[in-house]
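Two complexes come next, and they have one chain in common, chain A, joined by chain B in the first and chain C in the second.
Here is the complex of A and B:
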């Protein structure tokens, strides 16, 4: 299998989950999650509240340990590694609560995201172009930023170093529509850089605009995996799987 | 170094001025104030600033609560004291003693650091308390070596004693003796150690520590080895406390459980850090100054207040010098009430205000 995969690395998915089960404090949260994240594409992980989308991201990142199943990054199993080593493999994670360091300044937050702690000029310029607000508030403690600015900082921090795979958990949550538009533009720019992204998103409008690939979850399992374009036109399935016509009007 | 100072100094002008006054006051003490008491206060103050700052490195920058910090201070002091007690005083012996003290401290800190990974916060604090108490018991048990409860009095190299008088003429009214040389050795080394800590805090390493204190899972998800960073911080903190202990032993020419190892010292250091402001490093300077000056001079101050209030029976009674501990307690309560983040912490969200001003204009 490895030989097949290495013969054409572009065909091999960036990340593959195979029958992943996760238990947290005795509760069976993931009960067989299987899907793959194609290289250089944006994969949207959708589903109703509480079906295990965030748990899937946390399990990939090693913050929760998979009890069963395999998680492979570029064909190499990572499910038994700890979080630090998974991060060092090139997985960058933007959690739902953004996890910025509130007492550090915006600049320090970005600097600490590079393990060498040196900001590389060109890359920094590119990131600041994506999120101009960060330039304005460079010397502010990050805790003083608004919700939207914090989200931008969290994403900027995840992409300040080139990464293999970016995991993003509900970036649009609680943000004003105008800011969501900004975010969409930023992600489109990342997409054009061929960044591979796995994103949990409740905002269907955003999911449709950005997504290439689609995974739908239900009750801790994968319900469907396919092309976003097919799903986008299928309002029956949208209602059936996601239980709503969602914030499609945003 | 200057960059590190600029990055870390609290930008509130009054706090900066206060820091400057304290440092200049300490350095020029022999010329500014008369008497050995002032000299002793200034030397102790500089030593306690280093000790409190080293504790802040642990408490304020990594969030680890330890009651065994005075233990490292004690190890430093006793290593020099025992060496000078057993061998002829000389700088070679002193160097060996410092190395030995540092080694013992680092081993103890490393073992305690390993424990801290297993047990959390309050339980770790209890363990450190037990270790600290055990150390005081050990000191009194091994009295042949440590002098027990009485402690050790020893001789220093002649250059550091009042008997050493290289010049006959005083300089601007102050006689240049070995005592003064001893004083400036302590002050110079203390300043050096403090600047070294500032450099550490301002370095990329210090930045990671601050990130860890806030959200260690997040730091780990970026790829930092939290274990390595926490342990290194614990070791550094212990090393600085040990060196502060060495300075104390050199300055006092006496080392005993009450002066370097007791729980009272530990609580004083904790108060200094809390009053000054945790996680600021400069808070140690202000906290140590407030506490030591209060301990040294509050009684005197109250005595003179009582004299002034002589005609008012109840008020005068309140300010009786024997009640100084009551007032010290009130002072602590007031400081924690008005400055919950410490004095430096209260006045330093500076970079935000500066940036806000920039944005507005």
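Here is the complex of A and C:
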């Protein structure tokens, strides 16, 4: 459980978006996104389909360029940097399609993720302990893994090097409930390591279990920002913003 | 619901990682590779004469190796950055002309009877041609290719334009006439082995091409650079998201690929004993077809396709000379009907 001290406004947020607008091929995708991601917390980005959650993550990562507004990591503006330099600032990304290199083995996938050091030692042991399946299938082409294993590989790649901020796009998508439980345990382990996470999630049960901070989007804008705990007990707002209720999805 | 595997949840990990189970059905590369001996076998039955078959097979393999060397760069440039570089042919011509100039200026070594001096002249020509091609490729990328990322039509138009300009530059520097040059003495003729004759230069081409293929495979499978290229071909955005400089990687591949095109150009020129300024342009069509048959972006596919094209055009040229011109196109049609993405499709991320 997070204490109130960590939500203290005096602590500078890890990431701050200020009125971010993104246009792709002439379409306005984001039209004023503003929120912040508190340090050492899990921030959940919620909203109905197509409101711009994935676009927000892509814009933060520099895969799409923001036309207006600022994105600051640790107080330093990153919105004009390219993806490579944003990654080097300590932002790691797990995209919605997981971005697994299917023809590379599990081991090779992890080796690529280890840019600044060799793939070995305590960190690797820790990741393999978190996701034992990756050890078992180490020599397998990653394309042969099951959906859940691919997601675990994607997350393992993102955390094999320590990062400032982990962006995760819908990790539970298309996975069986039992595997989602596994995933929740893995993220809880990451939380206990004080990893800062910004996660897009449709599975409200998972969002409630893991989230400390909450951002709700609608039509390319931020609609609400607050504590997850308040939102979790407010079924009226859940129905209003997301069109469903927490109990229904458990 | 997806199948549930116990290894995902429990901490009971097998002491050793499992060996991958590779099913024959999943090994598209091996399936495709098996076609090469199959074609050779069918041809042997149809031809019926062992000596003729051996000669044609060696000629086909030699041609295939040269095509592979020329195509590998083209296919990787497409795979990595989605760039269709029809100017690739310019580097084939450029390599041939630079190489010929160097060899013609080294008459002492080129005309010597010593195999080693002949190889020395050839090696020097290759090094100069590949270096010039790599430098020109760097310029070509900066001036033309960099401006047209993400737009295939523009890429085809502007790189075709680049090819024409490069060809005209060859006219300026070397004149518009063909340059003939006999093979060095040690490359001429054949070696006898048990009543069978193997042409020496073809053997050399096969050995050189084979070594290059093995070398490339080692780079791809064993080095970090190769790992990044393979990953980049599958998903460039993701490689960038890990903080790698994919642009620099691309320029490197572009230069190396063009250098290989130049090497292919010299080998082809020495084989034909004459080069013309539009050598690259005329080979470009075959290069494109080989890349398509193999699967754009796949180095293994490129190798298999090059051998198939080389073998088939030699066999068909012998069996039914009138069909020789369409054999390559016919092969492409058949392969694409079977595998629309080419013999060894580049994975789309396991979707």
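Operating definition for what follows: the second predicted complex is superposed on the first by the 232 of 250 C-alpha atoms of A that agree within 3 Å, B and C clash if a C-alpha of one lies under 4 Å from a C-alpha of the other, contacts with A are read in each partner's own complex, and residues count from 1 in each chain.
The criterion applied here is as follows: contacts are C-beta pairs under 8 Å (C-beta built on N, C-alpha and C of every residue); 3 or more make two chains touch, one makes a residue touch a chain.
Computed from a predicted structure; not experimentally measured.
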Original post:
So if we stack both complexes on chain A, do chain B and chain C clash, or do they fit?
Top reply: clash
**OP:** Check whether A:231 is in contact with chain B, with chain C, with both or with neither, and answer first, second, both or neither.
**Re:** neither
**OP:** Could you look at A:117 and tell me whether it touches chain B, chain C, both or neither (first, second, both, neither)?
**Re:** first
**OP:** Quick one: classify A:129 as touching chain B (first), chain C (second), both or neither.
**Re:** second
**OP:** Could you tell me if A:35 is touching chain B, chain C, both of them or neither one (first, second, both, neither)?
**Re:** neither
Original post:
Does chain B (first) or chain C (second) touch A:101, or do both, or does neither?
Top reply: both
Original post:
Touching A:137, do we find chain B (first), chain C (second), both, or neither?
Top reply: both
Subject >> Contacts of A:84 with chain B and chain C, given as first, second, both or neither >> reply: both
Original post:
On chain A, which partner touches more residues: chain B or chain C?
Top reply: C
**OP:** Across the two complexes, find the residues of chain A that touch chain B and also touch chain C.
**Re:** 61, 63, 82-84, 87-88, 93, 95, 99, 101-105, 108, 111-113, 115, 136-141, 144, 157
Subject >> Contacting residues of chain C [partner chain A, same complex] >> reply: 1-5, 7-14, 17-20, 26, 224, 227-228, 230-231, 234-235, 237-246, 346-351
Subject >> Parts of chain A lying in touch with chain C, wherever the complex brings them together >> reply: 61, 63, 82-85, 87-88, 92-93, 95, 97-105, 108, 111-113, 115, 128-129, 132-133, 135-150, 152, 157, 174-176, 178-179, 181-182
Original post:
Touching chain B in the complex: which residues of chain A?
Top reply: 61, 63, 82-84, 87-88, 93, 95, 99, 101-105, 108, 111-113, 115, 117, 136-141, 144, 157
**OP:** Spell out the part of chain B that touches chain A in their complex, as residue ranges.
**Re:** 204, 207-208, 210-211, 214-215, 217-226, 349, 351-352, 354-356, 358-359
